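The chains carry the letters A, B, C, D, E and F, assigned in the order they are written, with residues numbered from 1 in each.
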Amino acid sequence: MTNQQSFGKYATIIALLGEEQAAQLLPDFKNYKVVSGKVGTMDLKKVISSVETAAKRNNVIDESVYRETHALYHAIIEAAEGVTRGKLSVGDIMRTVGLSFSVVRGRPYQEQTEGEWIAVCFYGTIGAPIRGKEHETLGLGINHI
Amino acid sequence: MTNQQSFGKYATIIALLGEEQAAQLLPDFKNYKVVSGKVGTMDLKKVISSVETAAKRNNVIDESVYRETHALYHAIIEAAEGVTRGKLSVGDIMRTVGLSFSVVRGRPYQEQTEGEWIAVCFYGTIGAPIRGKEHETLGLGINHI
Amino acid sequence: MTNQQSFGKYATIIALLGEEQAAQLLPDFKNYKVVSGKVGTMDLKKVISSVETAAKRNNVIDESVYRETHALYHAIIEAAEGVTRGKLSVGDIMRTVGLSFSVVRGRPYQEQTEGEWIAVCFYGTIGAPIRGKEHETLGLGINHI
Amino acid sequence: MTNQQSFGKYATIIALLGEEQAAQLLPDFKNYKVVSGKVGTMDLKKVISSVETAAKRNNVIDESVYRETHALYHAIIEAAEGVTRGKLSVGDIMRTVGLSFSVVRGRPYQEQTEGEWIAVCFYGTIGAPIRGKEHETLGLGINHI
Amino acid sequence: MTNQQSFGKYATIIALLGEEQAAQLLPDFKNYKVVSGKVGTMDLKKVISSVETAAKRNNVIDESVYRETHALYHAIIEAAEGVTRGKLSVGDIMRTVGLSFSVVRGRPYQEQTEGEWIAVCFYGTIGAPIRGKEHETLGLGINHI
Amino acid sequence: MTNQQSFGKYATIIALLGEEQAAQLLPDFKNYKVVSGKVGTMDLKKVISSVETAAKRNNVIDESVYRETHALYHAIIEAAEGVTRGKLSVGDIMRTVGLSFSVVRGRPYQEQTEGEWIAVCFYGTIGAPIRGKEHETLGLGINHI
């Protein structure tokens, strides 16, 4: 990855360790827009809408522009594929998730023409809807915006 | 995640930042078996066999026991679902990957009856088979062993 | 496609431009049974049942024969895979669809033994459940009956 | 399958013909733990929870150990992939199922180190939510425990 | 399943126990056309072509009629989804299969209008390409013809 | 679709009826960049690379900018999901395709901030690798660029 900044790594460290520790470990991403949050649910819709709402409220994406919503949506879905490991279902197959998420937006490529990109990371647990009967899960989605 | 150690987080930090930095950031995982490595290919088979070979050679799993091979295989496939985001194909759909991987084995739950578990993490790039035309990708698989 | 009539093309032109214009552009399909309609929803079940109901009410399929229901069902699901592009979910992943559909039944092959076939086409929009935040989508399913 | 007992075959015969006939046809599986039951629904969650409840109540798995729940869950999901043939949806795509299920647990491999394995089999019908408009379906999942 | 003969059960018993034992256990299927065989491979194409060739050579389907090839093909793919549990890959993800297969054709419904249907069943092993590192697998596909 | 031009419909008409007839039926798309072509193969890689090569040679996308390759790639994959109806395999499961394709690029939304979007459409046949044993297939992918 010689010609690009690893902003997906930055998004992942935020989801794993928090914004503060990420900023210390990877100081080169100061210029990126960031939002992070948490969501726990058996409903995949709620996972998607929690990330969308957080990204809009914190101006990581511009709510009035469809292409930004479209770019974010597909990044969320790709990250959710990692979380659900190809099944893209949660409550329908009796699973509950407890997730930290991060959304990071910026210019990872040196070339100006590459423009802005967006990364979405989820980290947390997936499992039976019973406390303790769960293991960790992770997903990362990246898209041009 | 009150009752368990986040050994999937540990596996992810290894794949992102290397074994040394992971040991500093998360010192509680000294008793876990670890192997890490790299693989670059258009062939998913080669990704799978690279991880299996590394895990066997470094005694993270016991080659002679099928249940250990079976547990590792499914953890690899789950991690690969994150990397390929639900498509589980690489060269067949004109993509190449350059991945760091980690395999971590240990006892994340306090209860002795929960026994050993295994985590596999991939981190790297996926993209067109042309240098620079790629973005980051990530996947984590976890299984009981 | 030397030996067969392109009745899937005919179904598609109906979904895109309407029955009248399809009849003008492709006049060779007069003998085919046709029904078309519209459905807007976040619920995939409603998409499926709208097409089934339209096909039964207009005698494109015979409701009392399971093999006809079975053939239509699989053609609908295949068309829905195109609409959802391999995810086969709508509301569960926060998407809404507004679709025109067509069902066409007839004998596209010269050989009498090939019997009747059925085509289902969807054309419309898919996107966020907010007006304007959507793009076009399309799907075609074909089955023997 | 020289070195292992075909306990998946045994699970399948139970789902197809019942426990009694399975015991007559395949008498070598006396030492295996077995539970069987029935479930009819448009809701995949209910299929999963029916099998889990039956397995726990009959002590085929130990409810208090997460690794046993985890092993059973993945075996159920794999069997459900066979039933739904790769779509892992029932009511969402307008299908109803009427299933017999079996869960079998034991030691199919001669080597003691291979430990216990679990098999889940579903057999029954899948189809439109109208009596008679359905055909047979089958699925088998196997996992180490 | 009051109104239909369980010819999928018959196909499964053939794949599990052989034609002879199936005929004894389920004597009501004498009028059905049957073929059975074996295939071992890392190549899904070879699985598909082995079943197609066996069905054509034994006149279970009429090679010259596309609708019969089409019906058989989709039944094979549905059975393969059970075998591979939703991934529809074998060698690409480092798995090898050793399968018995059966193809059964007949009239399972009392009503003449329901016509002929076809069932394909696979039973055998799937696993690492090393002897003994494998477990059982099963799949059933059913289609109208 | 009040606020946007149906450029996906335009791409579809090109794939179905050719550029000339599309221009007559839908004259509002003169300002869009278009390329069309044909590809016949059992290899999904060849489908992808044929579209990419045509789009680059005809300056529909700028080869030197990764974000344009990335946008086109995902539009191609989405269109291929329609063609293969959720399986994303061709030769691996014994199918051959003969496809016309179109790529259309332009500004379908009135708002300048929505920028450029790309549509990819495939139309043709899919089936057994034997002439005549095939039926029609269709797929459309749309992405922001």
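We adopt the following convention: contacts are C-beta pairs under 8 Å (C-beta built on N, C-alpha and C of every residue); 3 or more make two chains touch, one makes a residue touch a chain.
The structure presented is a predicted model; accordingly, all values stated were derived computationally and were not measured.
Touch-path distance (fewest steps) from chain C to chain E is 1.
By the residue-number overlap criterion, the interface of chain B with chain E counts as different, with under half of its numbers used by both chains.
Taking each chain's centre as the mean of its C-alpha atoms, the one that lies farthest from the centre of chain E is A. When chain centres are set by their Cα atoms, the one at the greatest distance from chain D is F.
Taking CA atoms, the transformation carrying chain B onto chain D includes a rotation by 180°, reported to the nearest 5.
The mean-CA centres of chain A and chain E are about 43 angstrom from one another, to the nearest whole unit. Chain A and chain B have centres, each the mean of its CA atoms, that are 20 Å apart. Averaging C-alpha coordinates per chain places the centre of chain A 36 Å away from that of chain C. Counting partner chains per residue, chain F has residues 66, 70, 86, 88-89, 92, 117, 132, 135 touching two or more of them. Contacts from chain C toward chain F in the complex involve residues 1-4, 6-9, 12-13, 16-17, 25, 78, 81-82, 85-86, 88, 108, 117, 119, 121, 123, 125, 132, 135-142.
Per the touch definition, chain B reaches chain D in the complex via residues 62, 64-67, 70-71, 74, 109, 111, 113-115, 117, 143-144.
Only residues 44-45, 48-49, 52, 66, 69-70, 73, 77, 80, 88-89, 92 of chain C touch chain D when the two sit together in their complex. Residues 87, 89, 91-94, 127-128, 132-135 of chain F are the ones that touch chain E when the two sit in their complex.
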